[in-house]
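Both of the next two complexes hold chain A, though its partner changes from chain B to chain C.
For the complex of A and B:
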């Protein structure tokens, strides 16, 4: 019970987390490969990436359940790299609730206070308070198995925040819940974050979850950060081909690009040539090279809208989906193109097999060096 | 399809009842024999007497042997449960590459013939003076009981989410506190039931005890063998009956613990 318990006065909301050159190897596997992340105090950061990209390993290194091969981790002004997990004073929520099945809900929530030697009466009062924070006041005497999945996860949340840690770590906390409950819990966690001002690091492989919840999202692949930035930036200007393909839907067209002065000229598979503004190139292009033209399906406009480039698409399928319709088609060189058209669009002319004209607004085009697929 | 199934279930039924018969017939014979009046074993017994029970309870030799066996079984239960639970924890939760080697070593005593183990221990204990001593018996029986403890607790530990302890540690608990307050209470029924098993295994272990018993320090099973060779009076069925009652009581206790664990 030699854990510091921050008194009510000094419990300033969140603390900054600094991860420097973090590397973790498991024998020959490099799980995390030189990751730098700065989370500012009170920020909500999501770690997003495909399976095996190292998200859990990074989080466990911050939590103290894995010790890095090299690099450092600090919270506030304290270097925690090799501090044992139980001395870090961080809140943690696991994927499978991990409520202690032999204890009542109240005892579960009071557990961190018990570990800190808080007297019984105060312990229970504060546990009740934490339960109220997650809207479970009055559930204290139940046992975890008498609660629904969502309620259990709320209890886990209450247990993680009851001693007011300055950082809350969550590893896919909502992936065991069904869709409706998940959305409800997303709001709940957002609300808690706003209310407590705590720093949150949230692991998920659900991109919409990451984009809607986090202030900033770190996209990971093979143990490296691909991009880290606010949701909007990630979506509207992905920093590289991986992020462009990983976040949201994206059309990719292989082209040959040639930069000259303020303009870039791209040669499409159809033989057409478009002049793009230099800002279209996300990474600088050099001379004449293979490149990928990327555009979001919802940026394509049906017909000639006179504000960009037009191109022809053979219509393969039209899927009606209420608020928007999805058109799937192909370019003459059989590159697949998807377009999301507002629900009110007149689609009567789009017979399967016919050719449709689309406009790409100039500012919707992004250009990356390399080739798709 | 149906007739084949019927023949199959018929064969299975016959097999099961045959096995049951072989298990139960000795009990049916031994219990009445312990009440027989004659000095030699006979079935069906003639008359009814409790004198063989009285002899068992009043004879100093039987009492000493029983007391030794109880001491040894009790200490064995404690040692085997402590060591077995700790070893199982390391095996199930540890990341070490030695885990599988460790497992083989722990399970080994089930495969090694007891007689081989007994001879080995006999020669070894003779030279270091442990033969015929309580610590000697306890050591030997602990080795024999460990596999059962490991099996029982490994099954229980496998069902306890390893993240419980991680969660407890993130709440500020040390690893030991996390084990004591979270994992141990969850596997406790299995731990207690494995202690019962270890007690029984030690209490009626004949082979190793036969080799390790000294002139004065004899366990109950060893004493019974001697008696069978020399006298073979109905005191043997009387003790056997008492042992059956004790075993059934302990196994029922272990069973109750385990069904509590399941609920």
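For the complex of A and C:
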């Protein structure tokens, strides 16, 4: 297999990835349950979910390590569903670097070119170039075990891009690194993505990583996509109760909702009744039903701000944390409420055990059918 | 000083042993090694140099007589054959063992280890049955028509090498299996995603990474083969005399302790040199991916 590579530095254009009705069963367990994802060329997509959500199985199916029970995967115009991994020409970075310990750094990076029959001089030149791209020029003669974790992962990146794949798959590539290195590598990966124009599919269980790095995030649970969209949409308008609870912090209050269309009213545990704007209902409501009112802790305002509904909270704890303070309190029915207050807020009135008044701005309220645990 | 919780045997955190406890734990082992190995060996080497008077004559006799150098060379050659054959036969088994899971893995494991539970003598005797003129192998060869009359199998170097390989094979398989098992699955996946076929994944990644196991298995088999006694004695003819048998003859029949000691000295020299070469040329730690 001798693939011809242009020797001038052409930008590797990313390819679109299309996942259709993907299903994967392991005996009786359904790991992936009818997933559709369209990743456009050059997009950075994160697959986010708790363990067992199927995110890794999806990635493994794209990589060719798992073959789906049904459904299809295509990259560009090519159907890759049952193509073996070594014929897919995709780049991949693993969680544990997986640099071959018996090869030098340069040989590691040149390995995929060697497999493609690129002549020795050219493959070493291109490996050096790839190392320079990840800012490790001059490290080629070292052995992987002489590098730090962050450096090893950068070598793995260089090895994954040296043959200019159109899609780069990343399986929790930063979870083995400590916090500082992780942030450094996040920037590094973002920079590479911008520079190469490559399509990236990035698996993570770290939501802040997903939100900060990806153009779009797909939230998964039990093998199904819960929501797929840009970070901001995911955070500000979670599509369902699971996403609302999974992404960031959220207060949940069980209520009874009535009405439909432009006229929704909810009955709070305290007996109060609020008239909500139609936009509050994320999923359509039908008549009178159990519902959950959700609001982000940082949207709550101390005191009556005259722009929404007020309610009373018994103060259980106040944690001062510099830029913001966290107030933990309870509603009369003992629902826990958290509020993040700007650092400059006057907290002197919030004695433990006292009652504080908070305002929920109308536009901050989200309403979901169902009940919080 | 916090002496309150400090014990004579272990430190208060309960994890580290005190010097005394370490010494007590290691002492029996080192005592046995010292008394049954180092002391007799030193005694033999002493005899080889100092009996009947301080001299190198005993060694000169080993080198001077072509019969004895031939025995030494034959021993080395046989050990090399056995080692090579063990690698060829053992690697596929180890590789298979490292790939299978569950009941099948247990079965293969038992098949490899089971022979170790029977004595070398029993296994060697079994081979002598098979190799007999009227034995199973000759009958089978004649039945198939490969040969019209029995071939001489017993009392040949081939018989010795085959039986020794059989006895020593587990010592080759187990270390190779150990290193193969320690290669993370992700290396195979990484190689595949980078474009390597199964064959190239094997030759470029798995094989080099298993070399440390092959090396330690080879060292084990080779060194054990050098000193093999029962198998060559039962399955070989005097023409297949190996050094261990020769040493035994010199001690028990000729009662020539100084000469036997010199043979042991030469063998010890070989073994030491070999171990040194192995540890210098093959960086095991590097191969295993250790931090340096």
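A few notes on this one:
Everything that follows uses one rule, which is that the second predicted complex is superposed on the first by the 359 of 373 C-alpha atoms of A that agree within 3 Å, B and C clash if a C-alpha of one lies under 4 Å from a C-alpha of the other, contacts with A are read in each partner's own complex, and residues count from 1 in each chain.
Keep this in mind: contacts are C-beta pairs under 8 Å (C-beta built on N, C-alpha and C of every residue); 3 or more make two chains touch, one makes a residue touch a chain.
No experiment lies behind these values; they were computed from the predicted model shown.
In this overlay on chain A, chain B clashes with chain C. In the superposition on chain A, A:82 makes contact with neither chain B nor chain C. With both structures placed on the common chain, the touch criterion links A:143 to chain C but leaves chain B unconnected.
Residue overlap on chain A between its contacts with chain B in one complex and with chain C in the other: 63-65, 84-86, 88-92, 94, 96, 98, 100-102, 111-112, 115-116, 159-160, 163, 169. On chain B, the positions that touch chain A within their shared complex are 161, 163-164, 166-175, 177-178, 182, 185-186. Within the complex, the chain A residues that touch chain B are 3, 63-65, 84-92, 94, 96, 98, 100-102, 111-112, 115-116, 156, 159-160, 163, 169. Of all residues in chain A, only 1, 63-65, 84-86, 88-92, 94-96, 98, 100-102, 111-112, 114-116, 143-146, 159-160, 163, 169 touch chain C in the complex they form. Chain contact summary for the complex, chain C toward chain A: residues 184, 186-187, 189-197, 200, 204-205, 208-209, 286-292.
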